[in-house]
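Each structure below appears as structure tokens.
In the two complexes below, subunit A is the common chain; its partner is subunit B in one and subunit C in the other.
Up next, the complex of A and B:
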């Protein structure tokens, strides 16, 4: 049984002298660590880290996060991108692989991009880029046309992307599809047919509150229904 | 000067007009000293938020080094966000392999040595088509070497095919017959 801590609860983290990594939802108050979000305490050894796994739907940009953005318009030499944050983010025309002043990437309003947050501060509008520090895209950039964009909670996306979760590999054995998960609670799915895409979307959304064994049952049920049994 | 600093000046002397400047200086020094002490106290009471282990001042020896990390993908060791299954998107499948290798050991190679996707025709194919094996080498040979090669070529082939190996006759000017 995992313990749920509420904001203000003192966390039972061992006091000692070794270095400690404090993640989101945990804050230090004098000598103790205190929860600032309601959720389950997660920790990792080596180096010892702890953070709160809370059910959150609102995204707060963090530098380095890879998110899915929707182009909403142009602003000078950049596009305005909706990333789910309080403000629209900007992505410069030059922040794409192989982009020069003459050779601009071809994106229109409504296109989806998988980008990385470059600048995320409390008082400034976020900036995203589709390129890494070496100038390569390595998977970032415009997503292919078509597909379905889902909005879900942030912790569901983190679960999908964790190494321990078997949902996507199990689905991958049954169905042929492509998926992109943004840390801002957006998941883009594309598959051979609309029916399969919807089936995958249903599986992902319904799996949020199930454990691993229940997930395989869920997958079985929905795929059978999709295939018409 | 050190002797003067050890003894405190009497208040009567300090009230005199010619002492005003030095009086102001002494007051300022006093204020500075108290400020510095306050600063030291304040900094010492705060935790040392740095990546270097170990304390820097005396009172922070009780404090642990704390690093604040907001990125979930580093904390939870998440996979790369794009995935493809059963070959739906081959580029993404290649990316999956790349990132998997990156995690498990050293740097993967996204573009394996030969495949540079910005070029339609790869380097080695282009070179072979242009005949790099024989023709480019000829460019850097001297006239004497080229002549030797021709002679050698002629010499070898003369046994089999004498007609081809005879060098072309230089055409002379032919006077037009009126």
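Up next, the complex of A and C:
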């Protein structure tokens, strides 16, 4: 059973001469590492990095995260996007593939975009973009109409995206659907019918505290119910 | 489970200290699905709900340029006068806000609002201390970055110089003085960080009450560990 640390606890990580990357939930006080969130300590080698795996629902923007945002309005040459953080993020009109001053992307208030966080500092408002450094979208951009947006904890999304979780592949064998997972705790699902979309949403939300074997049972139960058995 | 001890103070006066255990603590985390963190806490007969929202957006009046604004809202079930020995908005909110501001890493999230709402459900004594404990559990549940954990412990000084730890309402009403301590724990060291007192007491009584509270706080922090272990060991 993994040890759970509380804020203020000294962590059993040696701060020697080797490079050490201190991640979220851990802070450095002189020569010791101290937990700042309640969670399980995780670490990775080469270079050695450690962070707290805490259960959090509120998103704090981090550069490089791919998130789902909702357009809330215009502000000069940019749109204001709600990514679930304390402040609204901005996305410039030119941060889309093929956009020029004359050729603007056609987005309106309420549209969903899958974007990447470009700038996230505690003293500035976050900025997101829908292209990479080469100008290609690579899956980013406006999401199609007609899907369902779910709000869940950040941990659930990280689990869905991890290679060890078999939920999405198992579900993919039974149903046909499109899914986008934003690291800000938002999941967008689109399927052939409303009934199937809702079934997928229920499976994802209920799987949060189950282990792998219980998840396949959950999938079986909900899909049978969806198909009328 | 009472153990009574008699001790002689320096001037030869005998005073009895009743080392009562803290009442049973029971809590349920994440009870409110819309809140970022929440807890339903029961200590003996006193029941309190606490919810944390944040770090989120705030209005201009609640925005600080260099740190987070912590807003504490205490909702009593019964309205009591401002200087009442029980829990009122006037005595719970400042105590809880002051404690949170020193424990939460407010420099990490400037210009945001962290809102803590504490709702009284049943008052069976020691309500102010239970509000402090519930506040910390809700902050832990929300994953708000903190430098240490804190809890509340109440001690009553009875007319016969006896100290009662975590008194139920009946005893609290007969007390000469009521102490509500906020204690923090960082790297297993427990320290008192603030206190709210009502009534008359000698400084010796105060010192005894502080050491009693520090011992009892260790139990509360153990309870926090058990709660978070249970929550985070699933999945």
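Following the convention adopted for this analysis, the second predicted complex is superposed on the first by the 226 of 229 C-alpha atoms of A that agree within 3 Å, B and C clash if a C-alpha of one lies under 4 Å from a C-alpha of the other, contacts with A are read in each partner's own complex, and residues count from 1 in each chain.
Quick note on the criterion: a residue touches a chain if its C-beta (ideal position, glycine included) is under 8 Å from a C-beta of that chain, and two chains touch if they have at least 3 such contacts.
This structure is a prediction, so every number in the text was calculated from the model and none was measured.
Asks: Figure out whether A:122 sits in contact with subunit B (first) or subunit C (second), or with both, or with neither.
Replies: In the superposition, A:122 contacts subunit C only.
Asks: Would you sort A:95 into first (subunit B), second (subunit C), both or neither based on which partner it touches?
Replies: neither
Asks: Using the touch definition from the top, say if A:179 reaches subunit B (first), subunit C (second), both or neither.
Replies: In the superposed model, A:179 contacts subunit B only, not subunit C.
Asks: Which chain, subunit B or subunit C, ends up touching more residues of subunit A in the combined arrangement?
Replies: The partner making contact with more of subunit A's residues is B.
Asks: Contact-wise, after the overlay, does A:197 reach subunit B, subunit C, both or neither (first, second, both, neither)?
Replies: Once the two structures are laid over each other on A, A:197 reaches no partner at all.
Asks: Where does A:9 make contact in the superposed view: on subunit B (first), on subunit C (second), on both, or on neither?
Replies: Only subunit C is touched by A:9; subunit B is not.
Asks: Regarding the shared-chain residue A:171, is it in contact with subunit B (first), subunit C (second), both, or neither?
Replies: It touches subunit B, and subunit C stays clear.
Asks: Considering only touches as defined above, state whether A:40 meets subunit B (first), subunit C (second), both or neither.
Replies: Touch status of A:40: second partner only.
Asks: Common interface residues of subunit A with subunit B and subunit C?
Replies: Looking at subunit A, the two contact sets are disjoint.
Asks: Considering only the defined contacts, which subunit A positions touch subunit C in the complex?
Replies: Result: residues 1-2, 4, 6-10, 25, 27, 34, 36-40, 53-58, 60, 86-87, 122-123, 159, 208-211 of subunit A touch subunit C.
Asks: Given the complex with subunit A, which residues does subunit C contribute to the contact?
Replies: Result: residues 36-37, 54-58, 103, 105, 108-113, 140-149, 184-187, 221, 224-225, 228-229, 231-235 of subunit C touch subunit A.
Asks: Quick one: in the complex, what on subunit B touches subunit A?
Replies: Per the touch definition, subunit B meets subunit A at residues 47, 51, 53, 64-89, 92, 95, 98-99, 110, 118.
Asks: Please output the residues of subunit A touching subunit B within their complex, sorted ascending.
Replies: Listed in rising order, the residues of subunit A that touch subunit B are 15-24, 28, 42, 44, 49, 51, 62-66, 98, 114, 136, 138-139, 144, 158, 161-163, 168, 171-173, 175-183, 190-192.
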